[in-house]
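By letter and in written order, the chains are A, B, C and D; residue numbering begins at 1 in each of them.
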Amino acid sequence: MEPIDIETLADPDLRDPVLVEGLPGVGHVGKLAAEHLLEEFESTLVRRVYADEFPPQVDVDDEGVASLTCASFHAVDLSSPTPTDIEEEDDEEAEDVDDSGADADDEVAHSDGDGEKVEDGEASEDADEEHGTVPTDRDLLVLTGHHQAGSNKGHYQLTEAFLDVAEEFGVEEAYALGGVPTGELIEEHNVLGAVSNADLIDSLAEAGVEFRGDEPAGGIVGVSGLLLGLGGRRGFDVACLMGETSGYLVDPKSAKAVLETLEQQLGFRVEFAALEKRAEEMEEVVGKIQQMQEGGGGAGPGDEELRYIG
Amino acid sequence: MEPIDIETLADPDLRDPVLVEGLPGVGHVGKLAAEHLLEEFESTLVRRVYADEFPPQVDVDDEGVASLTCASFHAVDLSSPTPTDIEEEDDEEAEDVDDSGADADDEVAHSDGDGEKVEDGEASEDADEEHGTVPTDRDLLVLTGHHQAGSNKGHYQLTEAFLDVAEEFGVEEAYALGGVPTGELIEEHNVLGAVSNADLIDSLAEAGVEFRGDEPAGGIVGVSGLLLGLGGRRGFDVACLMGETSGYLVDPKSAKAVLETLEQQLGFRVEFAALEKRAEEMEEVVGKIQQMQEGGGGAGPGDEELRYIG
Amino acid sequence: MEPIDIETLADPDLRDPVLVEGLPGVGHVGKLAAEHLLEEFESTLVRRVYADEFPPQVDVDDEGVASLTCASFHAVDLSSPTPTDIEEEDDEEAEDVDDSGADADDEVAHSDGDGEKVEDGEASEDADEEHGTVPTDRDLLVLTGHHQAGSNKGHYQLTEAFLDVAEEFGVEEAYALGGVPTGELIEEHNVLGAVSNADLIDSLAEAGVEFRGDEPAGGIVGVSGLLLGLGGRRGFDVACLMGETSGYLVDPKSAKAVLETLEQQLGFRVEFAALEKRAEEMEEVVGKIQQMQEGGGGAGPGDEELRYIG
Amino acid sequence: MEPIDIETLADPDLRDPVLVEGLPGVGHVGKLAAEHLLEEFESTLVRRVYADEFPPQVDVDDEGVASLTCASFHAVDLSSPTPTDIEEEDDEEAEDVDDSGADADDEVAHSDGDGEKVEDGEASEDADEEHGTVPTDRDLLVLTGHHQAGSNKGHYQLTEAFLDVAEEFGVEEAYALGGVPTGELIEEHNVLGAVSNADLIDSLAEAGVEFRGDEPAGGIVGVSGLLLGLGGRRGFDVACLMGETSGYLVDPKSAKAVLETLEQQLGFRVEFAALEKRAEEMEEVVGKIQQMQEGGGGAGPGDEELRYIG
């Protein structure tokens, strides 16, 4: 295997595509947000990026089939919502926190083999009404995965590879989604912004993104940071949208806040019911932990619930 | 020395060979299992794999002769059992936990110089009866060693090199042996499975391997994981057989459980007396430790016994 | 991006230039000293050095614009002081500890586009009188940045790249600025020296630099050490000037002590009011911490002040 | 600089030379032993090996002159003793623990510029009598330095480079000197051996080296281990001589024990007065520490003494 090995699964023509990155990080905010897009819209798996800078690891799916850890690019059709049916999924959904790679790949089933998006006209029209999808003439190219690189050098090399893929699809605009830690549990999740060039600030500020001088103080690290830094040097218009989050828990609420600014910025609509349900579940767990810590006695939370935290 | 340096010691023709990997990991389950195969059957050392990703280390044998740390491939003839004589070996056996590399190489003495397996007809027929060996028309290619690679990149490179060797010998089917930690001392050692493609599940399930959705939760790391991931991408049929083990102790019982599923799957028979003896010794040590922790007073276990633990 | 990527922003002819390096280290002494030179004189950003050995990180400026972390070379005109107006900057200045990269680049505004230094004759004459600038016929090439390399190998490669840039500009003489930890709070900040060849000792000793046998005991590490080691091997005359500092706090006083020896050595004059003000602020913070530790009660120092420490 | 950069300082013809390696390790036994040889005999610095796997560091000598950290090869003339005058050196000697590189290089002063050893006939004859030097028709090539490599890969690459140098000089026989930790303070320092091939065992056993089965249990790591492993693969006759030492302190006594076996093995004689003096000083320090721990009151050991420990 080459140090970085890019597998092509489909090569659809994308309409003025926008790169949206959501890899693991603070509160898994970016990852939750990006995966939510894959769950709520029709998507096509177009690239897998394997790298010897990723952990030497396979992920095992619900059948027991292992696949080499990788980052994935999905083409997302914002006009074809496939909203999660909350009632039906219920318990199943509760187990998905660490399973997005498999989930994401399953979505390929919604498309046909050669990467053409399914044109399921009536269904999506219904969906439009039901979920308030607004027409959009742009596609998303969503980058997700379970890991970041294992070394400084690896982060640079992987980000360059990601930008290469984005360029192949004609991307000129990118959003790196992530979280910014506040260090305490918070009610309101502001979204902090950073951009590769100053021209991008005004429209993002209008979409509700906050720009605070010199924040985050420690800079932005990992792939999100390098998309700004290396993407900016290549001439991409890149913004990093960082949802405030405690930093201690997986935070679906912060992911929702980030996606709301992205909705505003790109002019699309997405259902949040699944993210909200997950947020409620998180809150129950947090509540039980707080009870336990206050010596509230009684049985602790079951395994079922605790798995949410990390 | 090249970053990875493969030394050829013999090049026998193998009959539809099956790769069996057992490198160090949780409970040393895979390593114990693979080394047990080398001890119980006639084997030929065919390759040594040196790598600058291994620790900068030599292992010293019982004479004081040092040899550069490496991984080894042995061709194993399943129809030529060389069962360990438990009574005779006794104390000597007790010191072998970390000494398999040397042991394994000693086995070369059972074969002649050019790698042809000894055809000691009568002896092996006797053995057949005594130890219940069943006829088999396949050979094993057993991969063992004392170390895994020291970096992400190194794991990928080494696993590719191991797969190259396997391909040279015409391997199409591989079993990565290992342990999966339960976090507590257990009586029954189930064997958990993961596969490179779904077609392999049925026969393994019949052989007693359990497939549980999304387990192990953290994926499978190291060479075992990459044999699945990279081997699968090359078209090998790979299964990982993971014996449940506490994760705190070297676990010969778990190794036996793993080998029992392999026996079923490949249709061969192996003696377990040596592993069982080692398991008993481990249990004695554990018993003494528990006594000590319960303040049972008296002398602690001697050095002789404690060396078993790690 | 290449592993090390040097961006050329200007290529002015420098007069017998002297390399002055101030990257992060003990007490941030070298970094504070080098940045002080950029603040007090007219300077031109001439090179940015990006490297995949730097952290995968962008720094965010006061607008929210992110830039890839890098090391920077500025050409500094010692005859064109642009002294910081302490009164005016005041609070703003208090926030600059970790913001020098941006500051430094702002200085480009003082020069015109093609790297020619502004020849603002009368103004600089005034400045001469006011700030006691002495005429000098040499320019400085000041190397600053927010990071050192992340690995042994990276330190060597980056330092070689820095020396390449210095050679391009005709540098033959270099000063690596840094701190040497004493382990306790000190009043007087001696400056310890080490040189690439013994001929440099006398003039530095005259300038107030101390040479003590075999100190610092642990050698000199990082870019400062390698400028001596690799620079010396290339034939540069290199001295390392290390201000004594506790090692626990950012230390503007030690930076001033280091710059005073550099003034003597190179025959220039620089205003210290801004460094002195920063030192006073640090002392206030230290005083409050000491009060707190002594249980002096009362409110602790505000965030505003505490950010100084690290 | 190349990743490994070998500087040639002299190219004398050596008589059937024997490589003796003493780099830092357990108890600094190997380093002390190798440096003692450089102090007690006439020697010529023949090679410096720089490597970007070494720490990014310079060492500062007693004048304040910095030199890039490196490993050094000295040719040692066993028939030209330059015994340390204990009385005269006294305090100076006490400061030399971490200063061997500089010391060693100073020895070049004993030889003339082109690497020819000084033929100071009468003086060395006197020395013969005085210090019991026995005639020998072999030279030593002594490898010392302040550091080992910083990564697995680096250890392999450096050791290969060291072996290349040894081959250039016609070395066929090598001794890696080191310590083996016992975990407790000991009175008698046995010397444990390991060899690259079994033929070497007998003569070493006669010289007093012990060979114990499978010891040291964890193998031998670092350059000493790889000299055995990689040297053995190249066909060198390599032995590792490991002096027993507590593992907690720099141990001149263990170094002496190792050198005594080397004397026997190679048939030369060396003065031990300097090592013995250092050992006494260590014992004083240890005694004082023990007193302190026993609450013996009084002033603790001064800085002068404590610096010996690490």
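We take it that contacts are C-beta pairs under 8 Å (C-beta built on N, C-alpha and C of every residue); 3 or more make two chains touch, one makes a residue touch a chain.
Please read these numbers as outputs of a predicted model, since none were measured by experiment.
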Suppose chain centres are the mean of their C-alpha atoms. Which chain sits farthest from chain D? A
Have a look at where chain A meets chain B and say same if over half of the interface residue numbers show up on both copies, different if under half do. different
How many angstrom between the C-alpha centroids of chain C and chain B? 57
Counting in whole Å, what is the centre-to-centre distance of chain C and chain D, each centre being its mean C-alpha position? 41
Where in chain C do residues touch at least two different other chains? 151
Determine the shape of the graph in which chains are vertices and touching pairs are edges (line, ring, star, complete, other). ring
Check the chains against each other and report every pair that touches. A-B, A-C, B-D, C-D
Can you list the chain B residues touching chain A in their complex? 149, 151-153, 155-157, 159-160, 193-198, 201, 211-217, 219-223, 225-226, 228-230, 232-233, 240
Which residues of chain C touch chain A in the complex? 1, 3, 52-69, 95, 98-99, 150-151, 154
